[in-house]
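Order of writing sets the chain letters: A, B, C, D and E. Residues in each chain are counted from 1.
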């Protein structure tokens, strides 16, 4: 990589912080520092909180959604997506800036990029899979299915790269790795075996269509885990059900390592302040 | 899961935070921040503490029980259950709100849902198990046993979903996972093998009927461990005995991974203040 | 365990926090918070410290011993035993109460029960072991040895349940588990194999008779480790020697998992204050 | 090593803190302590911050580059290289000195040395590898390739020991070990097998020539991980891509253990203050 | 161990905190708490710092050496040895006493004893090893080598038990365990195999005679790791080289588990204050 000029190489890409595909994604989890709060937040801090989560048009990232979080460790979470990493991080910096930052602790975060995973079947691989599953090659039925997939795929990839946040009332968030321990090393498996396991895994998810939406973003090289999973559920019970069901898929059962899980509920900045009893916008 | 319309799917469920079965459950563990207490809690804080644990009728969750906890890490614990996750978390937020929150630290918590586990035998599976254990098919004895189970099951499931808290003086709390390491992977075992191991495990517990009551709630997708175990003991010695005995069951010995253990003693808010010597309600 | 009435069951035991056998045991490890000490402790705090470790008769637990601890993490330790768990924990709460608690941090603790381990041979098993080791069944020599054991056993068990604290100048404290990893799973071994390994382990200890005394208390179901080991040494060198020697016993070498180790020196409350240079009782 | 005089030994090297080859390298990661900031940094602190990152000529280390970092844990990072370890550490001490140090927390750091790895092929090994890959021994083509490598090698090694920091806008930083677990023990592999795996790994990197530059420094004996990886990317997406691609190389897939990952963006001291909203140089 | 009187036992040793062989050893690692330092240390604190590291004759331990430490976690380290554990710990307590202790945090420490390891060959084992390596039994050459070892051994053991601290400018410090995982369990290996591996390991070290001096002290039963390694290097590069080389020895590659590594540079108390920019002795 170092200092080896290659005359046949393509011209160097322009330096940029904007990904060629996909967006930067930030998941931020915060706790109100009650140990420092002799009184509820004053008006200046409340105003800063509300403005940080409703930035001006020029500072507004492409996606911004907020949740209150169950349990003692985290009070609220913010999920941000944008092509510009500085714009994503600016939301975090706006929350933490003086004076509000005195009363807030960043508990956990995850930095990732949206992407179309290598396991999303291309049109051609989709056709082959259907044939492998018993479809008649070149039959009208097969061709119709493939054509439908071809129409669907751009929309699905758009949702993977630049997702619309569904208005489900609940969500859960967790990072994961694929394990590399002796006897369960995902990265020494062949692509076709990994692909097969991921197809089974996707199948499990499809049973929850309409109940749960998911977004997988990639943290490899960027943060401490390889992937970040965001699940939005029309009922928190479905979040439990889908994760439990998927845990038996080989891709999870044998190869998945999980980090912290956070479950939360869609809420505006104002609703977060009220739920957490730290002051309110009057 | 994403964007694949399914014309044959059932109509989408209404968005809700109330589980279709079971209740939300919160276990919260706190420490008094003596480092910030030059004096005992003042009257305002004591009043807030007592009120947080005795909320008004509209804010009162379905279940609420409190314990002082042995050891240096945690001073007291609160266990809450309700169909509404916001109502469960509101108890926590009431304790942490200013000004009392200056003097209290959330040390650990667990967010879960009550459920009827897939290993609870249906009537039909119960019958099959008895036959497998030697009962004569269709005999009066078998039929009587099955009928008794059929009468008992609704009450038992009610206790699993919406438990009455027994008035035992001691309790212990701990989370657990089923392991997925090579050589001891619960999630790659067949259902029938897992079921058999869980039946043996249940048998171990039955020896403690009347001495220990248990509640298993599920945290999969919601918190960092898969299950939360709550054991109420008529004597703390029984808590040690049951956990020790169960540790030799294959389901535990080979497959269980345990998190922190906390042992505590049933106490009112006032008794907690007195035991912890941080002030008292006069 | 839940809601299954058993007409043949013995009458339910009375609810109690007093164990039927054994005592509650608390090991508490503390650090002086020098970060909060612009000056040495004032007279009020010193008085509180001395009184907390010399409680009035009604609050005095059955056993109470104190140590200063080597190293940066812990300054002093308190070991308490009593049939009443509230009395054990009250010592801790007295140390942490305002205002002294501002200057003290609980660093580690362990909650356990004293017990007679299942590996302590009964009279009958003792006889069998001697025979297995070559003694002539029914010989006078064998009978004499068994009779001696029978006389010794009550005293030994008394020491296990309600130990006298020896006046050795040094002690070490550490918790342990028996491992359950694939390839070294203590809990899937047969009782007879475990028993044999524990006998070998006991033999290792006997070589240190008069040099080291030990107490094993059980934390299963009560705290994060299964057992707590307390070793009192007439010289700290013996503590190193016995732990090193025992590490080669199969019960340790293959199956033991260890937590933190603390080494300390017997000291009165006053000596602790002096050693730690945080003020003195004048 | 101790006290064994060896009359045939070379004369003892002069005591020195300057490595014979390579430079000391420090990676420092910091967080602004918003909990202590009722207001933005005052002029004195801002001046200290700017001066610490632009030291006088005599205190200026050979290399110094600065980044703002994504996520909640770290706000900015400083990378320093110099033959003198005190000069490297002085940059850190200048940032932390009173009064600025009140508002800054060192979150993570890594201490290492630059080196030419034992896996960098010598001229002779390079020739052998080409022959092993099919080149005709002593052919003109082979000789030309070897001669080119011979010309290139000093420049490449210079970049390994005393690298020029590229002006890429993004960078990621992470430490790593080679594993020593049973079944995947790098250190019990033969040199030739390790060398072969490292050559494959280098090959993966070459695909990113012009997109990503890397620096590997060694922490063995100096810090908690064996190696520190610094990757500079012309686009943050390339950082994700190269780390993902390399994870499938056997040297990584089977043998690599990774520590924390931080991703950041090249920024001046002034830009860091602005991005983090903690004050600005006016 | 408990209550089994043994009439044939040697008389009990006198209670003492002084080891029969070897000294107590304390390694202490500290950080200046810049978060609490609005200004540099005042004269009183500087005086306390200097006096703590230059105690009066009666409080002076047998060995005391000080280092500044690279990286963000630790600023300086103190290594102390003495027959009296209270004298070792008193150095730590003097540093932490009010008011200086407000500005210093103990980050890590290790409590150990110096010893002559069981793997140091006796005269007889040394002779056997030479014969096993090909020496002619009873030859003059063999006898001369053995005689030389016999003359050297007391001095070498003195250095192991009561070492002179070399005036090398750099040092590294780290604790280690021998692993007990299935497949790499040091403690289930035979003595002769362990001895052979330790001899190979010693051989690796000898290549660094004059460049690196080492001291191994034992923490078994006293602290969280089994051994503490102190390496003094005439150049920090040698520290990296020796640890890297030794990592390939089977005793390390397969069986060693390492804790934190700290690298530091010999410095007086005054030099530490200057390097850390926290005030200076005027």
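Note that in this section contacts are C-beta pairs under 8 Å (C-beta built on N, C-alpha and C of every residue); 3 or more make two chains touch, one makes a residue touch a chain.
Since the model is a prediction, treat every value here as computed from it, not as a measurement.
The chains in contact with chain D and with chain E alike: there are none. Chains that touch both chain A and chain B are absent from this assembly. Chain A and chain C have Cα centroids separated by 48 Å.
If you average the CA atoms of chain C and of chain E, the two centres end up 29 Å from each other. Contact of a single residue of chain B with at least two other chains is seen at positions 36, 181-183.
Read round the ring from chain B, going to chain C first, the chain order is B, C, E, D, A. Of all residues in chain C, only 1-4, 6, 9, 12-22, 24, 26, 28-30, 33, 36, 85-86, 88-90, 92-94, 96-99, 101-102, 104-111, 113, 115, 180-183, 185, 187-188, 218-224 touch chain B in the complex they form. Those residues of chain E that touch chain D in the complex are listed here as 32, 34-40, 68, 70-73, 152, 155-156, 159-160, 163, 167-170, 172, 174, 181-184, 202, 205-206, 208-215, 231, 234-237, 239-244, 247-248, 250, 252-254, 256, 260-261, 263, 265, 275-278.
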